[in-house]
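Labels run A, B, C, D and E following the written order; every chain starts at residue 1.
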Amino acid sequence: MSKNKRSRFKHKRMGEVGDAPGMVRIPDDALKPKITVYSYNEAEVVSSKGDDIGVILDQFAKCKNHTHWIKVNGLGDAALIEKMGELLKINPLVLEDITNTHQRPKFDEYEGYFFATSRIIELSAAQDEIFNTQFSVIVKDDLIISFQEHYNDCFEAVINRLNLSKGAIRTAGPAYMCYALMDTIIDTYFVVLADIGESLDTLEDRLYESADKTIMYDSQHMKRELIMMRKVSWPERDKINDMIRSDSPLITPEVKTYLRDAYDHCIHIMDVIDSYKEITTSIMDLYLSMVSNRMNEIMKVLTIISVIFIPLTFIAGIYGMNFARQDDKGHIIPDNMPELYMHHAYPIALAAMLLIAAGLVFIFWRKGWFNRL
Amino acid sequence: MSKNKRSRFKHKRMGEVGDAPGMVRIPDDALKPKITVYSYNEAEVVSSKGDDIGVILDQFAKCKNHTHWIKVNGLGDAALIEKMGELLKINPLVLEDITNTHQRPKFDEYEGYFFATSRIIELSAAQDEIFNTQFSVIVKDDLIISFQEHYNDCFEAVINRLNLSKGAIRTAGPAYMCYALMDTIIDTYFVVLADIGESLDTLEDRLYESADKTIMYDSQHMKRELIMMRKVSWPERDKINDMIRSDSPLITPEVKTYLRDAYDHCIHIMDVIDSYKEITTSIMDLYLSMVSNRMNEIMKVLTIISVIFIPLTFIAGIYGMNFARQDDKGHIIPDNMPELYMHHAYPIALAAMLLIAAGLVFIFWRKGWFNRL
Amino acid sequence: MSKNKRSRFKHKRMGEVGDAPGMVRIPDDALKPKITVYSYNEAEVVSSKGDDIGVILDQFAKCKNHTHWIKVNGLGDAALIEKMGELLKINPLVLEDITNTHQRPKFDEYEGYFFATSRIIELSAAQDEIFNTQFSVIVKDDLIISFQEHYNDCFEAVINRLNLSKGAIRTAGPAYMCYALMDTIIDTYFVVLADIGESLDTLEDRLYESADKTIMYDSQHMKRELIMMRKVSWPERDKINDMIRSDSPLITPEVKTYLRDAYDHCIHIMDVIDSYKEITTSIMDLYLSMVSNRMNEIMKVLTIISVIFIPLTFIAGIYGMNFARQDDKGHIIPDNMPELYMHHAYPIALAAMLLIAAGLVFIFWRKGWFNRL
Amino acid sequence: MSKNKRSRFKHKRMGEVGDAPGMVRIPDDALKPKITVYSYNEAEVVSSKGDDIGVILDQFAKCKNHTHWIKVNGLGDAALIEKMGELLKINPLVLEDITNTHQRPKFDEYEGYFFATSRIIELSAAQDEIFNTQFSVIVKDDLIISFQEHYNDCFEAVINRLNLSKGAIRTAGPAYMCYALMDTIIDTYFVVLADIGESLDTLEDRLYESADKTIMYDSQHMKRELIMMRKVSWPERDKINDMIRSDSPLITPEVKTYLRDAYDHCIHIMDVIDSYKEITTSIMDLYLSMVSNRMNEIMKVLTIISVIFIPLTFIAGIYGMNFARQDDKGHIIPDNMPELYMHHAYPIALAAMLLIAAGLVFIFWRKGWFNRL
Amino acid sequence: MSKNKRSRFKHKRMGEVGDAPGMVRIPDDALKPKITVYSYNEAEVVSSKGDDIGVILDQFAKCKNHTHWIKVNGLGDAALIEKMGELLKINPLVLEDITNTHQRPKFDEYEGYFFATSRIIELSAAQDEIFNTQFSVIVKDDLIISFQEHYNDCFEAVINRLNLSKGAIRTAGPAYMCYALMDTIIDTYFVVLADIGESLDTLEDRLYESADKTIMYDSQHMKRELIMMRKVSWPERDKINDMIRSDSPLITPEVKTYLRDAYDHCIHIMDVIDSYKEITTSIMDLYLSMVSNRMNEIMKVLTIISVIFIPLTFIAGIYGMNFARQDDKGHIIPDNMPELYMHHAYPIALAAMLLIAAGLVFIFWRKGWFNRL
């Protein structure tokens, strides 16, 4: 179980350089596995829980003509997983992929069974984090084994359908159950996207109402989440396509029809992600353009006020000079600031200043500085 | 029926996480269905209206050797749609796609019939909103069923052609009718594009005449509409291509010739959308460049005025200093501001200021600040 | 005949929403058709002119074992075009494409003939506008019919070659004539590109010699012209490729060799267009970088002058204060501005100012403001 | 052995213009080769070291029914490599590729053997440099020859597995050994990526805590390293794909299963690289946006302070003017600055200034300058 | 022979609009052809020079069982080239392509021979210009004819190998000779790239040491050169690929092995070009970021100095006001500037100013203006 932000910076593959392939390595913080086995046929559903391989063997012995769904939550027990691998004759490379929880969605066919992985994308309860965990599934003749990293259950709806026998779920075989689980996972993507959509809505409102620089950070954050979603849904689509084009006898034509539906949902998700990415980009562009405009406006205010007052202050400075009117001997010094002694000189000077200010305001108005850009 | 802006933020798939596939779920605000049945052959067109499945059964009974076009406007009745599905033996996945109105244009072949969806893009009466609604069509041997989300009718022209028996419409089979409806939908795209083209025209005029920051918002808005149009026309093209390459016996070579024409129209629409997107981008680039230039101009005005007056004001400040000419005892303090007592000092000072100002103006003129960039 | 700028904003398809396919609609400003028929074989070329279908019938009657080239300039007569369609048994969809003059270059094969369109790109006489008009051609067994929107003739060179019997033009059949016309059209693209190349040359010179903001507008204008050229030459290339790969008996291996040559010319044109687009982008980038640098320079001048004079003016302001030396009773107020009464105080103050100014200049010089960026 | 930075600027192919193909040219700074031969079968591992071809011949003679792994570290001896080529009948083009250490990862099949190259990416001990060196391998029937540019050994883990006989390494043939070496090389990519990931972590922390312009340089540096990594892993993936699709009898189906696993690791590496590139780009975007915001803030401070004080200073300037109250004869000059002699004039003036300042602050507050953007 | 800069603006195809295809048109500044014929077999190499077709005929007569390499330098003689075309039965379209020296690299097969073109990219002697000229080659059964635009010889190394009989050059047929010439041309690309790499090195050093605006121009210039190189090497790669996949009997499997080697070199060249383009882009980005930072720094200096001194100057302005202490009758005017008469008022005012300045400096320091961004 890893946070969204964390996961971006911890792509180090489990295991050491030069490890032999097929080695099962469990991260230290993995949860202890809990096993639930559902054995079902058209008539009944029998389930039992446990935390070691015994519960599987018991159920196998008890339910002879049933399809078994072995649901494993938590991967923190290498020995258990290796024992299951031996019991069910699973290739060690598959076991390595189950426990190394950084797989891309993929579909691999082996002799007598197939293996597939998906990414479960879930919002935390507080809706402020996105958890990206791995879901792996092995489908054999009358058997489906699913592995999840954590305990919280996004498959309740499927279990309900199984108990209520809604639709074809009890009769259409383990590949249909595999489809049902994958489709449920894809459905949760819509939930996450709806949450992101609402955040974008809020972000856009903020842009027009009270834009500040956190918009840039939040847009970038949103963009990364969308990139992560895309990175998950792109190979998910490919995986489902591979399943549709597979000629494994496990995947019946009926299941393929449903997979085609899931494929359409993937395409739809990718469309939504693309729309959201474009909206995010456009929010960022608008924000940057607003910053530019803001700068422009600030400069305009500064320039208008400065340019109007600078000449006026200069004039005041002129008449603040101390050029003497009379020399030591009391003679008038010719030409030295006679204005200061003129009648009405002060109101004339004030009027001149007013005139200059008005002229400058007029020039700026003519240049459109008061109403444009 | 959803507004353009809205639709971008509500891509949540109808239904709940973990729903069984093929479940018909109707949004709360869906309109009550109105059914119109047109039964036509070379000789006559018989039509009747109603709001339940009876009208279809009556018409089937009445018109034995006719092609039937069942036109459903409004999707707000799950039971009715499921009844129609049973009557005409339609796969539940198709019914789910009809009522879940966020499908991309697509073409799916089933045994004995095909299913296709398009997006109807229409301007609101006030031309300020774009409605993006779903059109679904099922084509069987002598039957075509069309579904629209709302009542307003963009197919009047087709109904006229049907009544007037213009062209091959009464004789070329239900797939030709399907083509005629799709072609009409594509024609409305040209109407919407023409409206966007006019808005771009206005926007470009505004850019040169009175650019303000709303241009950025409007360009972004236009760009999103174009992206939405592109998102619709791209899979529309693919869908028509799929129909052309389909070997369904329902699609005759004659219909394929017409579909090829519709395909060309799609390509043309995508060309126009691309042109418009490029024009929008170029408007934004020009606007941003104008903002830059405006900033430049503002800075130049500020700089020229400041740089000219700052030294002058400094000189005025110098001669406004109160350094005393005489000490307490009436002795002249040597060197203290003798200029203030010089003959003609004031006009000399003014002349010096004028000279400095002229010099700076000359320097700026030489640097080209008065006529460049 | 439509101007370049106009054409970008008028992509509305001729005809109304819901029109039956194959309907010939003529725009109001279309020119009256003028028909010229050239009937040629190895021995002779017979030509006659007219403005109705009679001239074609006469020529057909007169020249039994000739290849006929019917050259129609102007499309403003729906009846005439429909009559020609009937006479020569042309599909109505083709007639619609001929009169709806916004087709992309394309190649369509029909039973017994093929149809192709090109775009004629021509400079106006004053070289300030680019005309983008449609050229359509139908090739049958011993017949080629060409349609142009306007009267001015870019095919004079071909007619000369026909009259002088240069090359294979009289003997290689109507598809060769079709090639000859298309090749001539492609040749005019080089003329237009050479004109754009010269404009780019001028623009680049202006960039280095006297950059002003019109460069941005002109670059954008150039870019749009290049995008338009690209939009024309891209499908032109595809069309020629379709012709080369066609197995129509009308297109002989000899003609295909020539078409391959024309294909190379198209590739070359697209190369040139790409180069020019890159040059245009690089001009815009350089211009924007110059604007930035200019801003930088302006800010530097403002900052240097302001920062030098602000402290000096402050000092002048200090010594311009009126703190009194003596109180009402004539006692010296202690500490109040004794500097004003110091010997040599004024030159000392001036020297201090000079020192500060020099210090600041030195700091800026050390920071490299006088010679960098 | 070449540093990362260096290598970007030294792509000059070894050899001279016009050289005959297949010529072995050794760079001057190449290390003297050291040869280690491991001969192994299910029972035992025999190894010996040396620096000429004799050690190979001895080992061949000594171990008849073994698989031989000839490990060559250092390429600085053209004669030795040519001798090995002759002994093992290797095409001179292969020898040229081994010594010309700028090959992209590739896989070439020859009669009886195949040749493949990889790039070894290693951190220097001080973790401040990335070494990008070439690994070449030739696989024959019971023989694998590996070439490295330098002595330091990233294959210790493989040698340990060989000695301990872990997994299939002693029995699965030379192609498995080839896979084991390549997989080890790919594992080291994860190590380098983890290091880059940590640097990005630090960079992002710095962005939020103490952003300065070195962030730009460091991001660019990081981006180049990622581009280099991508340039290596992209053809690596293609190479492994080529090996999987090869029908060489040397590559058994068992080895292909393992190669498929290595292929997944390559895809995973490219995913991580893409994530990191996006993070790098987003850090640069955020930094540039911070620079913009910083500028904005600076301008706002300047503008607010300037705009508030400029009018105040102007008013002070007004009352600092020296307009005379009385003329020479002691008559009051009418209107000249009567304010200066009013009662309470000074506190009134100060109050007026305070009012103006407060008004301006209020205006800026209303414009949101104190809390926005 | 055309300069790099020039060539970008002169893409006008030789010949006139509407010219018949296959017409040989020679540009006015083309050089007079010089012909060298090398006739070689395993035993000997016979060569002779001349400037008309006679030298070829002589050599043909003299050397019966030799392979002939006719090397033509200079294309300025249409008659000669047409005569050669007749003699060797070459299609006129090929002759047109040889003389119209703006061909992209391509490979065309004709009956009994093939035709290929390459671009020779060479540095001028002064290393300040790049010459992009055309190399054409026709390969027949025992004959290879090469055409170059100019006299200077980049094939000396090949001629040496021919004379010294190095490698397979005398025995592997004319296609091998064709490969040898093309490989030599590709080798010269590495020389040009090494030169560009050095320029980039210098540019990057300048960026860090003394960035000025010429960096922008130089980067753009470099980028264009790289785009030109890419435009040449991309179709070069395709051409070689076409040759490898060709089933012409002239291209033996042995030659194909060598061509595969040349293909690798092309890929390598394209890798290097891409690296260099990325470095160029990164230099431009860094430069623009430096300009931004510089602006920031300038604004910061301006703002700090202005904001500190503006309030101080205002205070000085306050105490520079002339509000009178006494009215006409000598009565003290109440409240008018009593500070001016306070004891120690002046040092108090100075201290207040110092305090304000220190406070502002502290505020800026707290905001991090002295050490960040």
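Everything below uses one rule, namely that a contact is a pair of C-beta atoms (placed from the backbone, for glycine too) under 8 Å apart; a residue touches a chain by one contact, two chains touch by 3 or more.
Quick caveat, the model's predicted, so the values are computed rather than measured.
Taking only C-alpha atoms, you rotate subunit C by 145 degrees to land it on subunit D; that is to the nearest 5. Judged by shared residue numbers over all numbers used at their interface, subunit C and subunit E contact each other through mostly different positions, with under half in common. Subunit A and subunit D have CA centres that are 25 Å apart.
Inter-chain centre distance (subunit A to subunit C, centres taken as mean C-alpha positions): 41 Å. Chain contacts: subunit D has residues 290, 292, 295, 299, 302, 306, 310, 313, 317, 320-322, 337 touching two or more partner chains.
Round the ring, from subunit A by way of subunit B, the chains line up as A, B, C, E, D. The touching residues of subunit B, when paired with subunit C in their complex, are 154-158, 160-161, 166-167, 169, 183-184, 187-188, 190-191, 193-194, 197-198, 200-201, 257-258, 260-261, 264-265, 267-268, 271-272, 274-275, 278-279, 282, 285-286, 289-290, 292-293, 295-296, 299-300, 302-303, 306-307, 310-311, 313-314, 317-318, 320-324, 327-328, 333-337, 369, 371-373. Listing the residues of subunit D that touch subunit E in their complex gives 8-13, 15-22, 91, 93, 102-104, 106, 108, 210-213, 216-217, 220, 223-224, 227, 231, 284, 288, 290-292, 294-295, 298-299, 301-302, 305-306, 309-310, 312-313, 316-317, 319-322, 325, 332, 337, 340-347, 349-350.
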